[in-house]
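Chain IDs A, B, C and D follow the sequence of writing; residue 1 opens each chain.
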Amino acid sequence: MTRLRTWLTSSDLAGIAVLALVIVVVLPLSLDIFRLNLVGKYLSYAFVAVGLVMLWGYGGILSLGQGVFFGLGGYAMAMFLKLEASDPESTKIQSTPGIPDFMDWNQLTQLPIWWEPFRHLPVALIAMLVVPAILAFIVGFAMFKRRVGGVYFAIITQAVALVLTVLIIGQQGYTGGVNGITDLKTMLGWDIRNDSAKYILYFATCALLIGAIFLCRWVQKTKLGTLLLAMRDKEDRVRFSGYDVANFKVFVFCLAAMLCGLGGALFVLQVGFMSASFVGIVPSIEMVIYAAVGGRMSLVGAVYGALLVNFGKTFFSESFPQLWLFLMAALFIGVVMAFPNGLAGLYNDYVKPRLLRKREPHSKPPEEQKPLPAASAHPPPVGWNPSVPRPRTDAKGVGPAAA
Amino acid sequence: MSNTDFVLAIEDLTVSFDGFKAIDNLNLYVDKGELRVIIGPNGAGKTTLLDLICGKTRASKGSIKFKNQEMTSLAEHRIVRSGIGRKFQTPSIYENLSVFKNLEVSFPRGRGVFGALKFKCTPEVKERIESVAGEIGLADQLETEAGLLSHGQKQWLEIGMLLMQEPELLMLDEPIAGMSVRERELTAELLERICRNRSMIVIEHDMEFVKKIAHKVTVMHQGKILAEGPMEKVQADPRVIDVYLGH
Amino acid sequence: MTAAEITNIVMMQGFAGLSLFSVLLLMGLGLAIIFGQMGVINMAHGEFMTIGAYTIFLCSSLTQSYAPGFMPYYFFFAIIAAFILAFAFGWLAEWALIRHLYRRPLDTLLATWGLSLGMQQAFRSTFGAKEVSPTVPDWLLGSWMPHEGLDIPINGMFVMGLTLLVTGGVFLMLYRSRWGLRVRATVANRTMANAIGINTRKTDRMTFAIGCGIAGVAGAAFTTIGSTGPTSGSLYIVDAFLVVTFGGAASLLGTVASAFGIAQTQSVSEFFMTGSMAKVLTLLLIISILMIRPQGLFAAKVRR
Amino acid sequence: MCRPAVSNFTSADPTVLARPLDRKENLMTRRNRPDTPDTEKEVLSPDALARRRIAMGLAAAPFAAAVPGLSFGADFPTAKVNTTGLAITDKEVTVGQLHSATGTMAISETGSIQAERLAIEQINAMGGVLGRQIKVIQEDGQSDWPTFAEKAKKLLVNDKVAAVFGCWTSASRKAVLPVFEKENGMLYYPTFYEGLEQSKNVIYTGQEATQQIIYGLDWVAKEKGAKSFFLIGSDYIWPRTSNKIARKHIENFQKSKVVGEEYYPLGHTNFNSLINKIKVAKPDCVYAIVVGGSNVAFYKQMKAAGITADKQLLLTISVTEDELLGIGGENCNGFYACMKYFQSLDNANNKKFVDAFKAKYGAKAVIGDVTQAAYLGPWLWKATVEKAGSFDIDKVAAASPGIEFKGAPEGYVKIHENHHLWSKARIGQIQTDGQFKMIAESSDLIEPNPFPKGYQ
């Protein structure tokens, strides 16, 4: 028991292991497939949140357009699935059989040339990662090289989200417009709608999510991760230490975008459709709140944040539809005003010290503790009193996001 | 004059902000192994000069040559990579990283995105960090969070971070500001030690300190060079006394 | 088509551009003060506009039931009421929320987004989900016809006049009043302003509240040309931000210029292509210009 | 966890109860419930049935006609009427309601929510469906299509509802359609829409495009002599498809001209450039399918630009009484709309409906075309279930064609084999008070034709 407690408090691997236990074992055992499918959907949002931890928490760059990348990844997958669902046999009622139904409604008589490659799964899989990355690269390169950051970057990403939404809706013959791409059925002949497929997709999502967390954790542990933290603190110092700061920002922006794309694709597989409503400004900002609730510095926290906010959304909109927006409002304001480090911050400030204190009677020598991804680089020694303010970035009155 | 023996050759350098000439047709030459101190009253353009050299501010006109290579059009990180290190006026360190990490980040390897991903803290790197930490007197503070250091230690840490890069030209902006007498002495010793195999430009106000370290002193006033030479000669210059020392 | 008709269309199209310009400017102005002068991102700006719009609706229904004879004149008083109400809510929001977040601009963004969600639901609970239509005085309806075939919308002229008035007022206040001096001093150097005895907290609150008040006036004016519903504010917010960012955050003149540029681009391109494509074109143009010139059209030149 | 959202209508609202039903009626319905004591349980004589019909009033009468010989005293054991495990007990049947109570679409969907509730209350007050009271689980789609799909799935999979009344936008319907087909549910969809769809699992109680468009176009051509048209729409599938049909009809059948076709993003609020384009094109008739908040801006700016009914003919299929609340009648009076229902329709069914609606939701409440169509849903479902003698989805779907509803506020409707309704088309002129004055109506019911030949 004691050893467990030690392990729980000392290693960030423990956090990942507990998360894995929750999503791979506890939730599937306690929920029916309908609810589990919902969790799977939330976990696909968690990819965005994990990306935002890297981008916003570590990189100090707030993007309000992550929905764009989520959408691009989702559309790449949806286009493939739609083409598979639109074989001439099942679309024979249309005036042009063999093309997606919405194209037929919009008087298209043949498949647009840029849809053709999406007949092949490998193309769709590559596009789901590469297209978001390319867009992120273009936007990021143009902005970061000119040192646009902070608020300006946030607003411009918002404008990008708006442009893409208007474009998708306006070009409905090619994109499905407001309705989106619906009625997706099979992937390479495998029916993605039945229960067994839902289970498989759920576990695949879990596996990929944990993989993504490990990837990000690895990046955090490399020099690049240290540099991101350093840049957030003193960007000029990093620049005058011989680093091209913009490149690192572009990298982390692309990384976050690819995670979004992956999340979008998994979303489409589990939910069975994609629409422009994920690309816009509102969902993009909502995605930021997942990371904020979980703790903008904590990868594991971001997943819990995504789960919690979405559970809340589902629960409250089922039970108290009128209250839901008020609650969401309180969540935004509360997380920013009272708990800037989110759930992970609460855990570090209240739960962990308690776990540590319980260990004291056993008078074990304090073990070398690895720094947690949370604000403080070094945990205080055993018996540390939580009421003593820890030196953090906030100590200067500047929050982690101020950089 | 195209090629010189100087480490740094600045010619006809001018920068103006909305018509105000912060640096006005300035010429400055720094030798190999020289420790040059720049003094001058507030607003003389000292910090701006360093900004110009390291690329933080772009020149309106003129040339800056480092080892006969033009610097004015290079990006900041390229200037640094060619061997110029710069310490800022207020200590500029990564407060929430440990001293070790601060130094590690400054190690001049793995500077590209993928280089940084591949970078490993090899024994060689570790050794170098430890030796620099010894040099700046922080050997037993390696695991301390940098934000917890005293003001003077922060200044040293920043110098140490520059040393990690092994620059050929080191520029320090008021390195002893806010230091105690004892710390000032230690810093003077440190600067003397590290200047053995490189050139340095130091901006400083403390005349005692300047006397102690300077090889040559440049006095700036209103964006121009007022006087240049050994400390004693400069101190005797009536114009200098008039604008600066006399106050 | 005769030459006279073409002249008419060109004139009306020119007016359409000007009218969109004044709409954008009126939207952006309050935001420009708050964002430009304080660096605070107020995502609830649109909702403060909605407060103004609902104030007009309330005033119109009250006047209609209690003083029908007063209908032709109520609009002026309603606009003032809209300003006061939005001002008061702005004051409250600053006190409760914004002042704790001045050093964290990105966090204000999230907090005010939360605020906007809450306000939307509050509107919905109070006024219902359906859109409402205040009864606008008769003299504001219809068009002014100098000669046959040329119709100049009266509400457009009204909004234009109001914009002129508000813009003039803001310039006057910012550059001629004590408050303006304090605001400019605080923007330039907060610590110093504090040191010389300017109550920067009070100045901030005043600035924020005035920005919100102007949003309220904008919302009030837009009831004559658009819709009033719980979510109508969110339609404007991105446009408003783009106007301010594109103009250069710290410059009011920039806001004016960018509102003009965006309005003309959109209005002209709308005439020659479909509305959706015109919108995309305008936005892409703004984004690409911002990428080349991230500081916006008019940036304050500061020695950095 | 859904408790607060669930409304159980077993104790019906007394105000509703009192008006359409007399005391005797109450007695009879109570007797028909299987759970009531058997004291009065006897087979009704034909005479008694006839009396009951009269007493019931118009709202209930058609069902007796639609289901001839149905004995209300007969037993419908749950095991027999529910073979597929729907949420049905001896006393209750659970249905779902799926609309946006929050978000941008709440503006439009509120009316539908209210109308469906009203119908369900009235049905419950009459004794329910097959002797079972209707229990409603309401879900909020939040104006968000994926949420609609999620909630639809919840209603069908978790709550096992016997039918769902809901959706408004095409997008939300498209999002839930695969769910209804996969999980085999029954959706009653109230909105007039673009057509090109037909499903075993959906009953479309609103008009598909041709039912609304062609009559209106013919009317303006014949009565107003319109020869050139300017088509305007919000940029999504319904306006685009509707305008496509309109264009084909104008060009191929009327041999007239389309002089302009324009689309603006949803939520667009600046129409001055568009209005100038209209002025340049000088069409005989403007054909407008603008929706939501844009609607308000469009008509206000039209009025401000001097385009009023005395100078310009305008026909719309997207403005109902609900929209007029926001636009204000004074901004568009004199323009025409083509719908199947107006609140001002002068018939006994409608009077009763409007009275009941206002009694429940306040005197200021207005009823638009879609609200009325939503009201039809529960009644049609009840009739279908009673004809099928079962709640099973497959049986209800199979029994649907041919179901009539004579108590419809719009008059008389009948379900077509393609699951759409036969209904009339009407032209109304907008009045300053926000109501329509009916100018013309089609002489016969118009056949629904979701896949019209020659229009695709």
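By our rule, a residue touches a chain if its C-beta (ideal position, glycine included) is under 8 Å from a C-beta of that chain, and two chains touch if they have at least 3 such contacts.
Here the structure is a predicted model, which means the values were calculated and not measured.
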*Under the touch criterion given at the top, what is the topological distance in steps from subunit B to subunit D?*
2
*Which of the two pairs, A-C or A-B, is linked by more C-beta contacts?*
A-C
*In terms of Cα-based centroids, which chain occupies the most central position?*
A
*Would you kindly tell me how far, in whole Å, the mean C-alpha position of subunit C lies from that of subunit A?*
34
*Taking each chain's centre as the mean of its CA atoms, how far is subunit A from subunit B in angstrom?*
42
*Using mean C-alpha positions as chain centres, tell me how far subunit B is from subunit C in Å, no decimals.*
49
*Would you mind pulling out the distance in Å between where the CA atoms of subunit C average out and where those of subunit D do?*
39
*Identify all positions of subunit C at which a residue touches two or more other chains, and write them in rising order.*
121, 124, 274, 276, 279
*Could you list which residues of subunit B touch at least two other chains?*
56
*For subunit D, write out the residues touching at least two other chains, lowest number first.*
101-102, 235, 263, 265
*How about subunit D: which of its residues touch subunit C in the complex?*
101-104, 106-107, 110, 235, 262-265, 267-270, 272-277, 279-280, 293-297, 300-301, 303-308, 322, 325-328, 330-331
*Using the touch rule from the top, collect the residues of subunit C that touch subunit D in their complex.*
1, 8-9, 12-13, 15-16, 19-20, 23, 121, 124, 128-133, 135-136, 141-143, 145, 151, 153-156, 222, 224-232, 235, 266-268, 270-271, 274-276, 278-279
*Which positions of subunit A touch subunit D when the two form their complex?*
32, 34, 37-38, 41, 93, 95, 102, 105-107, 166, 169-170, 172, 177-180, 182-185, 193, 271-273, 275, 277-278, 314-315, 317-322, 324-325
_Of all residues in subunit A, those that touch subunit B in their complex_ = 219, 222-224, 226-227, 229-230, 233-234, 236-245, 247-248, 250-251, 375-378, 391-393, 395-396
*asked:* With touch defined as at the start, can you tell me which subunit D residues reach subunit A in the complex?
replied: 1-5, 101-102, 138-140, 142, 144-147, 149-151, 153-154, 157-158, 169-171, 174-175, 177-178, 182, 194, 196, 235-237, 240-241, 244, 263, 265-266, 451, 456
